[in-house]
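Chains here go by letter, A, B, C, D, E and F, matching the order in which they are written, and residues are numbered from 1 within each.
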Amino acid sequence: MSRFGTLYGPDVTFLSVDKCDLDDQSTTKNCDIIVIGAPYDGGTSYRSGTRFGPQALRMTDYIPHDRLRPHLALGVDPLQDLVIKDAGDVCTPPTDIMISLDAVTESIEMITKADAIPIILGGDHSITYADVRGLTAKYGKGRIAVIHFDAHPDTADLELGQLHGHGQWVRRLIDEEITRGDRFIQMGIRGYWPGSDVLKWMSDLGMRSYEMTEIDSRGLDTCIKEAIEAVSKDTDGIFISVDIDVCDPAYAPGTGTPEPGGLTSRQLLNSIRNICMTAPVVGLDLVEMCPAYDHADITALLGNRVILEALSGIAAKRNGSRSPDAPLLQNR
Amino acid sequence: MSRFGTLYGPDVTFLSVDKCDLDDQSTTKNCDIIVIGAPYDGGTSYRSGTRFGPQALRMTDYIPHDRLRPHLALGVDPLQDLVIKDAGDVCTPPTDIMISLDAVTESIEMITKADAIPIILGGDHSITYADVRGLTAKYGKGRIAVIHFDAHPDTADLELGQLHGHGQWVRRLIDEEITRGDRFIQMGIRGYWPGSDVLKWMSDLGMRSYEMTEIDSRGLDTCIKEAIEAVSKDTDGIFISVDIDVCDPAYAPGTGTPEPGGLTSRQLLNSIRNICMTAPVVGLDLVEMCPAYDHADITALLGNRVILEALSGIAAKRNGSRSPDAPLLQNR
Amino acid sequence: MSRFGTLYGPDVTFLSVDKCDLDDQSTTKNCDIIVIGAPYDGGTSYRSGTRFGPQALRMTDYIPHDRLRPHLALGVDPLQDLVIKDAGDVCTPPTDIMISLDAVTESIEMITKADAIPIILGGDHSITYADVRGLTAKYGKGRIAVIHFDAHPDTADLELGQLHGHGQWVRRLIDEEITRGDRFIQMGIRGYWPGSDVLKWMSDLGMRSYEMTEIDSRGLDTCIKEAIEAVSKDTDGIFISVDIDVCDPAYAPGTGTPEPGGLTSRQLLNSIRNICMTAPVVGLDLVEMCPAYDHADITALLGNRVILEALSGIAAKRNGSRSPDAPLLQNR
Amino acid sequence: MSRFGTLYGPDVTFLSVDKCDLDDQSTTKNCDIIVIGAPYDGGTSYRSGTRFGPQALRMTDYIPHDRLRPHLALGVDPLQDLVIKDAGDVCTPPTDIMISLDAVTESIEMITKADAIPIILGGDHSITYADVRGLTAKYGKGRIAVIHFDAHPDTADLELGQLHGHGQWVRRLIDEEITRGDRFIQMGIRGYWPGSDVLKWMSDLGMRSYEMTEIDSRGLDTCIKEAIEAVSKDTDGIFISVDIDVCDPAYAPGTGTPEPGGLTSRQLLNSIRNICMTAPVVGLDLVEMCPAYDHADITALLGNRVILEALSGIAAKRNGSRSPDAPLLQNR
Amino acid sequence: MSRFGTLYGPDVTFLSVDKCDLDDQSTTKNCDIIVIGAPYDGGTSYRSGTRFGPQALRMTDYIPHDRLRPHLALGVDPLQDLVIKDAGDVCTPPTDIMISLDAVTESIEMITKADAIPIILGGDHSITYADVRGLTAKYGKGRIAVIHFDAHPDTADLELGQLHGHGQWVRRLIDEEITRGDRFIQMGIRGYWPGSDVLKWMSDLGMRSYEMTEIDSRGLDTCIKEAIEAVSKDTDGIFISVDIDVCDPAYAPGTGTPEPGGLTSRQLLNSIRNICMTAPVVGLDLVEMCPAYDHADITALLGNRVILEALSGIAAKRNGSRSPDAPLLQNR
Amino acid sequence: MSRFGTLYGPDVTFLSVDKCDLDDQSTTKNCDIIVIGAPYDGGTSYRSGTRFGPQALRMTDYIPHDRLRPHLALGVDPLQDLVIKDAGDVCTPPTDIMISLDAVTESIEMITKADAIPIILGGDHSITYADVRGLTAKYGKGRIAVIHFDAHPDTADLELGQLHGHGQWVRRLIDEEITRGDRFIQMGIRGYWPGSDVLKWMSDLGMRSYEMTEIDSRGLDTCIKEAIEAVSKDTDGIFISVDIDVCDPAYAPGTGTPEPGGLTSRQLLNSIRNICMTAPVVGLDLVEMCPAYDHADITALLGNRVILEALSGIAAKRNGSRSPDAPLLQNR
């Protein structure tokens, strides 16, 4: 099988990094990071359109696509310091979620087989089930913790009678013991769903959900630090799943189920960078970015920057970096 | 089973006509028309979002929802002259096209069993397969002709390996002998798809496709008249399928695969009215209306008016009407 | 009383023509045309927002505000050939329609007293009652014919119990014998309102409404010619009222009650120019332009051009012009 | 008189709660809360369009209209714990503010007569005069304190010579002694209006306005706590009036007079919830939500959530709740 | 020099055709067509933003980028029947028009040296000066006729004191005798610019401008036929310059100086196809497409289709084709 | 030379203050502040469109243009307390940056010659080179410090081979010794540009750049206070340059190169006010406001308010003011 390319539009890669073909090991060996698109949007319970998320996340940047992205605060350049390639999109037919999820899982398995960290560009949140499931081929079940940024817990059992979807993926992961409930941490939860039965299920499994009111009262940095500690115990790595709707709709209007009262863009960027600088991240996805509802590309740009902060954090963890809090021009 | 309601948002009906419940015959008997929503958008090959089509088509009108819609040119009032009810949406989970299509077909069967004409609000065009298939329970296979307004022939075989979708439904209907190729007429075709192999398949089956250049040179009225004659031979009724993208993007920006060079809104409204006034219409769907790409609701409003013109034409065919070409105030 | 200025934003004039003050005759004498804004939008039955119509109609033009607008087809320059001034807005408090209408009428009376032709920038269509009423001070009742471009007849009696509004002004004008029903001609009517009782009232009074289907079948030029002849008998002048929604929503999305199936921009521009070149126009208004629903200013620009075509036609009628159908560069 | 329904579009209710008819006591008895729409937008001094506020506030939610809204942080479900019905819109003709205000007041009187708390969906801010005036039938004059969230003090005397409007309602309430100046607290004030004469009038009456710079320096929580204490002295209840423009335009672009430098969505949601959990709220309105200027429904959604937070706070005050600051899954 | 790539965003090519490098003849030999971008937008007198035109024109298509574009009406496939490559963008610094124009001219010269037909994606209309100037290296001065689709004549002398810009390029071409005035034909002119002095200059040089009123009265097909005949006499080829604003703003809102009353999309597509099928076209540009003012990509898509119609017409002229007026499925 | 007026649209002034003509000293004497537009947008490296910034910044305000803007928190009214006039736009042809920059510099020189403080409305950031250069006629080289609010350092050397542009102006100012590097302070920097070579150049020159992570950790107020102290040493005045993209895209979507993670609107407004109240400000510009990408005018309004805060701060510094932190109605 040759590289599938992209499902919609021209075959662009994340900020024009090199392409790789998961079926051709010569193209994937030595990769630190492999980016892949999962443009599936059939799992959403409301606004569809995240199928154009991967394209938007790859392309949206006013800086030329010159493979230079020096991180000011850290002093690293993820596009230079890491070997990053883009495997294109997974072929995810919108008419059949199981075919799509299986294809995503298979791709993740191939990426981990190449000893690279997968970064998955969604698509709606249903793909995270497939993302994390794909890691089990390498890490085994129950060994990967999840830090999950989202306005919603996504712990429904069935929706319209269906097992899979963007509101059920957490339940599926835990039900199938792919992840342990007590190594699953949620950040940014708020709003009016779910009810007490689902919350009890979550509680019984030992999940930890940081609702926005708690985050407000305790401070996000404290919560993040606590979360990193909690997931680091007796696990082999951390998967970060970022639903862009964890941010307030002011910062991320381009999403399907926006919930007012969320994080600021800065809070999200800082948190992702901090986790990646500190903890053993083995994969990350950025989901629910929906260009049709965006304005002036601000949500796409935020998503692109979340990826860049993660990459920069990973580069800093490997190679060291300056302190982001120090004056920018100190000791240059 | 009780009435499902609507899949997204409040349970509004088409211009606030009464609700009916397909499972409760007391609510459907004596209906002339039953409107139903099919908010499935997983079959689209490009922009998704038609799942919000039914809501937009039901609600969008600046005239109060007073169940009065006197048609100026015809002198009929479809909401008064016909018994029209709205059965709500079919439950169409976005994750599984076959469950969705089967549910749509089942609903159409129930509507025809109640001796009502179904008017289906899409949703993407994949649902038309289910719409027409649903008519076979009453009419048998091969007895219903189709007049299909669209920019695209929708005669693909497989897309991403899938049998069903918004580009394959014509092929499926004809392959399964639900409709005869030589009683399938397309109006408004244009652009750069499909290639010669597919066109040959269409030609061999006796299909008749009016491309826009032919329509330009011969006149739309002539083509419509010719089409009505052709589909009336040895058939028991006509199903009209209206893809809103048959209109030029200037008139219908709110759609998934807009193709420049299409019909004007007037041409479409006149054509639908004329066919319904003249021919034995047994069902109609309006598909591919995608609110996320609309502006100032102009596409939603056009779709709403297509339905009203169809209803007015049906009312005029049953009860007679004034000539739409005569001065408006003549003989009032 | 000094010049009121404008109700919203800076005191701009129509394409930067000179200001005049209706209370200062030294500023209005010798004016051929006085433009005035009536930014009242409380009379609308649906989307409000036409209060910003006057500003948009005055400002929207990509050509510099250099007081040069040579009309290519006619070879006249209305801003040069006519003395045109802008009296600013009438003070129309949005909370009280009668205060607003009385103020508009008073301004029209002052403009006609200065022997200038008023061009009124709406605002919603309720102001046309005040516009035409203002002409009676000079012309008397029943002496001014109206040619009314609109998707809707606006002949309702009461709406929400109110006598005045954008759907009732025609009834008020005729009930108060300000205009004769048989000198009131409507062009572009379509859609699903009003019912037969109102149509009968219109018919009994001898009104003539050209519905779009009749226009389609007979040709707009023929209808316009017929209309000009009809209103010219036993009258002292013609008032043209242009509801921008006479155009299809594709051409004029920026309006409150858009009805698909309308005129093209070209048809409207040609018609207005033709009437003004031919008939004794004593006033014109352009109403229902609503910037909040516009896109890329295309509706504002169309409205601006309707005014320019009217002015050019008036200039051509006074001073003669080349034939608009002749090659552009012939005999230059 | 039967239920009026809604003024624009289909007769939807707030998140599909049951309808009630204020003229039919059998439908209103036992109601804790009655929601009512006041779609009047003629009182605005700038952008109109809030007439579509009630519809947007009722409908906008990505969660199904299933009458379940479990509040995560509080552990209550306002749609389950309270009896909430929706009385539809007040008939508010846009042409006459006094008819509209009188009708609103009459409706509020009927709601309080039914011993329910009114929640009014605006409309522009002029309706708050009518809202609070309606409470006097039950509570008498001067007994209800007001906490007023807004960017603007709304204490003008006359605007364009008119007594009523969205900038004058505070003055009218206090001038008519419906509320005491020293029990009127404003939160979020900023910008460049009014001048010192008006501020002096406010000061002399003992009003308390928290300008954003003070809120910044002292902390919003402190100010809110102080406000609750102040209004609780010698009063019989608190009316909360929320002008959505109290939030920064980033969070609430869909409004008529946006003023940069406002609250975040979180600050507003937290404040409303806190007041309702603590103080004896006897009514609330949410005004100045203007859909035409919204993007991706983020302002409508914020408005909807303000109502839900208020309802949740009221439910928590009545029945008790968990601490919103505690970990979400603790003791479930 | 190696291929410059694209000035903004990823290095995409027109519908993903192969890249070529004008400095590497091995990549350009045997090309029939070379597409090139000229993303210069400093020459516009009003809205800027056409610098993103090349990207939009290359990418915007809902059909997969599969290098298949079978033209339904003609039965040709331009992407298959012709060797088409994309040379990327010319480096056009926005700060200096002369550097930009010289670079464009140099690129055109290299394309013609490779015996390919250049298709230039603008950019604003000032680049057409450079486009046609580039052809003189091969064809000499005065040998190439121009058919110019536009709302505006673009025959200004100086604008803000500058020789070059999007309103002066026609004057420069003729002043420098690059093209003959009497072989320069304009189609679609309308509006209120220029004045009589400029028109006289045009007339004296023998230019022929078809204003929309003439086109209306004589028919576009007649005018086009006349134009082809006129430019074919004593010339060596025809350059077609398409300003997308020749279409009405309803069809092409995404442009800088939209003028109501223009062509329909169908008229433009038919005209371009007809000219290319009939006349010896040696180059074409598509300019003034401005994505920032577009809606739902309808203008970008129209521009993309203008290119495809031109390519299809060229392919048909070379290899023959079916009649576009014949029934689509006849003799397949 | 007479006043040039404005480059685009009607000749409006900042909030309708009086016009002045820089060539007519009788109009500029006694001015405290002279506002001038620099609608040049050819220097941008990405989205163009800031040429419409001056118009938007002058007009956008929902408060009537009544020359009253009482600052609530300070108790000053800048439009009353200062003599402010608007000199219109500088003639900045978009085709030639050097002509444009020279014209801007010349205007600034004339403003300082009139002993007024220039406030320049951009335009893109390349104009700041011309702004500060213009101050040297009065102050000499190296005597004016700069506080620069921006997401980007703008310290590139060449872009596309060009010396001037919106990313190079800082380098030009320092290279030409117009400003000292160690009196150049940047606030709000973030993102992924420039690389270490440029940062080293900045560092070597003694520049001080406050990156957002430092601002987060130390607090903005602290950083601002530190900055004021630093620039006050051995300088004769401070120029403030505000790139609106220093704010997060949520607050300022209408800009060309938005970078997530920026300041809130409140932070910017407070900072500008504080600096102007404290330090000897000799000029200010507001650049990179791009209306085509704005939504509901929120960015234009923010820009307008930045100017008003600066003016209010300047007025307060001259005449004294109340403390902005005190209760609003205290001691009125």
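In this section, a contact is a pair of C-beta atoms (placed from the backbone, for glycine too) under 8 Å apart; a residue touches a chain by one contact, two chains touch by 3 or more.
This is a predicted model, so every value here is computed, not measured.
Visitor: Look at all chain centres (mean of CA atoms) and spot the one farthest from the centre of chain A.
Guide: C
Visitor: Half is the threshold here, strictly exceeded: which of A-F, A-E or B-C has more than half of its contact pairs identical to B-D by residue number?
Guide: Answer for B-D: the repeating interface is A-E.
Visitor: Could you state the distance in Å from the CA-based centre of chain C to that of chain D?
Guide: 40
Visitor: Residues of chain A that contact two or more other chains, please.
Guide: Only 8, 46-47, 248, 250-251, 293, 295 qualify.
Visitor: What topology does the chain touch graph have (line, ring, star, complete, other)?
Guide: Chain contacts: none of line, ring, star or complete; other.
Visitor: Note which residues of chain B are touching chain C in the complex, please.
Guide: 62-63, 68-73, 75, 77, 248, 250-251, 264-266, 269-270, 295-298, 301-302, 305, 308, 324-332
Visitor: Using the touch definition up top, name the residues of chain B that touch chain D in the complex.
Guide: For chain B paired with chain D, touching residues are 8-13, 16, 58-59, 61, 64-65.
Visitor: Taking the touch rule as given, give the residues of chain B at its contact with chain E in the complex, in rising order.
Guide: My answer: residues 45-47, 189-196, 199-200, 202-203, 207-214, 216-218, 248-251, 253-254, 256-262, 293-295.
Visitor: Taking the touch rule as given, give the residues of chain F at its contact with chain E in the complex, in rising order.
Guide: 8, 41-44, 46-49, 51-52, 91, 93-97, 126, 159-162, 164-165, 292-293
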